[in-house]
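Order of writing sets the chain letters: A, B, C, D and E. Residues in each chain are counted from 1.
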């Protein structure tokens, strides 16, 4: 696909808005439809698109493999860690109330954090899965590269 | 916990011996010596308990509780002590004999043989000293499993097939009948202890008593009650020392011993007599006695003939229990001792004949007696004891059993016993008779050639046991005083 | 009424798609239809007031799932082989299950009935208290992230597990050790190094 | 009669979803192509989701996003939450299934169950 | 001071910590990357989790059920973790088996998984463990589904890990995935029906609401679908097709772990639904159990044992034996008496221990000889007497020979059947032991009396495999001679589910 100039230009134009939309969905889930999962999928799709058009090796230069793998775990740990923080603050696991001055404030922060955790994990896992499939295709990338 | 150190030791020593046997696996002389010494020490340990038990003590030991109210526990009582004495005493002789037999035949895997032999003895003593049904059951199964490698020893297809039959029938009956009987007893009474006078009285409706007894009687497959007797002839594929000890003494006697224990200590003879729960068993035992004798007559294979003879003789003990009178229990207990001695003589002779001539068929033995006079003389004495003719010990047990049939008003059974003795005469005594009085069978011209007696170690033990049967005739009171302590209906007479 | 008609049309379209998917042997076309199926069901979710679900179904079914399916097709096969197996047993199993389900639906509360237990027991609590206790407008998010936040942790763990699983399967060497094509005896040679 | 019609009208969409489910299930159990099986599984699961969501619907209700208007009727949000989770589980399963299919293809050269079973039969003589 | 605070913290959050420890260790494994460090984390996590489950068991035994509100939201609005006599009894088994399986895996996994993939393997094993623990302890039916799927997804890939050596593992894992997902979907449908009937997802609340309302078709269908769905996961005959292949081709450590935990947890879920949620007051539910589940259980025992006898592969043989053993547990459950239930619970634990040890021992055999086919293992008893002794000891447990854990299970089940007046059932259970004798003895005969292959190369078995295998075997043998603890736990659990009656042996 390296030769499809139109495709590459269009992609470059379209990917930033997709990412932006993803972030919007991530942080606007409180009010409208959407949340961490949907945002994660959208952000993953943006990078998948990038990978499809520019090739996996280039995608891996943008997002190193170590980074993707670490984010997979980091998202989960952020979620689970939020819960652990509530425990350390004397509440039950995943009780966000102690995070803020008022319980409602705490809920806001807590939900923000866990949704972020979901988003990070979903985006990185989806991307990792895509790369894993794509890398299996002949003439894509070599094992050592990731 | 333990009253007498000899009690745990008599069970443990054979196991330790087994360990040593395993360690000395590559040094046959040490290994065999260890086996022999172990047998002697074990016998001494068991014998050590005798005076105390005679004096009325009941040494006991309890390890741990397995179920509420049921522990892995031991308790030495007269019947068990007698069984343990016989098993451990004959182990010494059999080991002696086995050393001669195994070496003469050049058998392989002798270490495995002595190892499992030791485990089997330990299990048999465990059965003898069990304080409750569950402990007994555990050692009963251990005995089955530890003798399996002995039966399958040769590893041929035939041996494996025979061993499979052995295992399936013994484990099958014990799991399918004996185990539910035990569970039922436990469910009904809340205990499994052997108590004088039995434990089921008041817990079991009399109508169910025959059913429970049937589960026990068929569950104790080692007693070889028909129709679950097939394992015994099948087990004859084993080397002869195995047949001698296990299928004349340890295994089969464990069966009828359990039968007596259940009759006396679980049901109680009074209860059996009152409810008539064992009447059917009297007839089944009688049938087994006769049928097995008749089958034995048709067998040309010497060991097979002896095996069916054993099936028949075992049912004497079952009969003694089922008659539910004291003389029956006495006769049964005595039969355990007398038959053990007599039958082991016969088996050892059969093995001696095999070692010397490689002959296994009765019809091939004509005239052999003149070549092997000691072996066949011992055989003849053993046979007399089995038949019950004085001056051999067997006469006493037959006497008490006949008395019991009269006590129980079962005159028909008296006739059965007499008929069986007659059959015994025919199929047992005919063997030494042929050997001594018929012309030599071998090839027409050269007869048996230069054939002589088997090696000393194969001849001496049967001669000793044969003498033992005679000694027991004159000293039967020793056994009598021991087994008279068994608590049965009406106390001592 | 119009809603009902739209519902009906969508459902019929779903059915038609599903039936087409049974029949199609071209797997690329089938995957495309699977995407269509997802988008149709997403529309139906919208009609049933489940906008979040619709969004997710569209993103997953229409997006990720299709991409993965296509990727898998590129690595496996493009056409389904002719069917050799007996179809009657599967048909019987399916019909029996379906019959059981249909039997079970008879006592279900009517569709949309506000008096159904579903709407009267736990749900009203969320609707009544979420604005106060959580302070966000989207009830779905409130329940998802807070009331049943632990389920969502589990859900994230499922995604994570899938990631671990796929990486484990697809990052390992291309061929199994000891595999050769054609008939062979199993196991022992796998370690002997002969192959 | 009116009851019957009401019952039919109130249940027909459940029936439809059941039929859809069974279409998916039929694909799973009747087809030997591994990818097609997974597609069938997806249809099956999506139909289960539809079934769930339709039980959350309240006649006259709106999407469960707080409008702040008093007396507003919302559809039940709980099934939505559950199904969101279930969709995620579904895609996770699909991904793992597809990865397995890829490995099967690589090691057997086929993703047709019939072909694979033939290989097993020759691999392991009775 | 700090120690006291820590103890207080642990005591307060005990139920959730049990699950959290392995759950959080899994991503940590992924980040770490190094296989040795990963193994250490995983092992430490499983041991910690085991210690916590034991503490939880003691706590519940002493103080009664423990409820924990996740997110601070009271049930039924939030998700509840609820430890009672039943699941506190099952939890130590799961974590305990994992504690043995992980050291064992260190010794054996090198044969199946290439070094750089091993952190993923351990991560998956931890996820599977966390999922199983989560399923067991949760008090929310949908949460059961979520954690069941974590453990299932992880177990599919764990089975596929055997593909490094034998490609059939991939197909086995795929079949497992399809069947497992259908099962999970059925389960979700069942939960949906339940939710429609009651409007709640909390187990205690469900039980309460179902007890007060008459069972209608909706509830009955929920019952049916949950039964079938869980039946698929626990390999109830005839829904067992996935199991023999999955257990035969998975790496040994995985087979040992899954055989001892996964199906056991499914059985737990079944018990939980039947006795806590549905309560079995409805004649339809009771009759289904009596007329469908019990016969299926018994058919399963006989059919699967018979099939096992004719297997040439030892692992496959024991896999079929697992299906048969599930039949025993199902019949105990279907007796609908506290004794029957307690017997099943005893069996769950005892069989878990025995089968885990057995599969570990077989794994050692396979590793040393390179084969698990009986026809290639003639006379192996002479070369590997100790391993064969371990297999024999486990095998005797399957037959139910006294002094083994299997004997206690069988004793409990037969007592329960006799108590319930089901003579024929007691007979069938005992008769079926002979079939177990059949397959165990095929191994013994072949191994001990077959003609040994002189050219066979025996590779040394790492100590990392030997110690866990013998350790677990020792535990199972200990459970056979000292069954009091397990029996009391099972009785307490059964009593808590059927409070109006008492359990086995007391």
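The rule is short, and it goes like this: a contact is a pair of C-beta atoms (placed from the backbone, for glycine too) under 8 Å apart; a residue touches a chain by one contact, two chains touch by 3 or more.
Because the structure is predicted, anything quoted here is derived from the model rather than measured.
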item: Remaining connected clusters, assuming subunit C were absent and nothing shifted; value: one piece
item: Subunit B to subunit C, fewest steps along touching chains; value: 2
item: Shortest path length from subunit B to subunit E (each step joins two touching chains); value: 1
item: Which of D-E and A-C has more C-beta contact pairs; value: A-C
item: Of all other chains, the one whose Cα centre sits farthest from subunit A; value: B
item: Chain whose Cα mean lies nearest the overall Cα mean; value: E
item: Identity of the chain that, by mean CA position, is farthest from subunit D; value: B
item: Cα-centroid distance, subunit C relative to subunit D, in whole angstrom; value: 4
item: Separation of subunit B from subunit D, taking each centre as the mean of its C-alpha atoms, in whole Å; value: 69
item: Subunit C and subunit E: spacing of chain centres that average the CA atoms, whole Å; value: 28
item: Cα-centroid distance, subunit A relative to subunit E, in whole angstrom; value: 35
item: Two or more partner chains touched - positions in subunit E; value: 23, 26-27, 30, 70-71, 73, 142, 146, 149, 153, 156-157, 160, 163, 167-168, 189, 195-196, 201
item: Subunit A: positions in contact with at least two other chains; value: 31-33, 37, 72-73, 76, 80, 83, 93-94, 96, 122, 129, 132-133, 136
item: Contacts with two or more other chains, residues of subunit C listed in rising order; value: 51-52, 56, 60, 64, 68, 71-72, 75, 101, 106, 108-109, 116, 118-119, 122-123, 126, 136-138, 140, 144, 146, 148-152, 154-155, 157-162, 164-167, 169-171, 174, 176, 179, 186
item: Interchain contacts, given as pairs of chains that touch; value: A-C, A-D, A-E, B-E, C-D, C-E, D-E
item: For the subunit E and subunit C complex, residues of the former touching the latter; value: 23, 26-27, 30, 70-71, 73, 76-79, 111, 113-114, 116-117, 120-121, 123-124, 127, 130-131, 134, 140, 142-143, 146-147, 149-150, 153-154, 156-157, 160-161, 163-168, 189, 193, 195-201, 209, 216-218, 220-222, 224-225, 370-373, 376
item: Residues of subunit A defined as touching subunit E within the complex; value: 69-70, 72-74, 76-77, 80-81, 83-84, 86-87, 91-97
item: Complex contact set, residues of subunit C against subunit E; value: 100-101, 103-104, 106-109, 116-123, 125-126, 146-151, 154-155, 157-158, 160-162, 164-165, 167-169, 171-173, 176-179, 186-188, 190-192
item: Subunit D-touching residues of subunit E, taken from the complex the two chains share; value: 142, 145-146, 149, 153, 156-157, 160, 163, 167-168, 170-171, 173-174, 177-178, 181-182, 184-185, 188-189, 192, 195-196, 201
item: Residues of subunit D touching subunit E in the complex; value: 25, 28, 34, 37, 41, 44-45, 48, 51-52, 55, 78-79, 82, 85-86, 89, 92-93, 96-97, 100-101, 103-104, 107-108, 116, 120
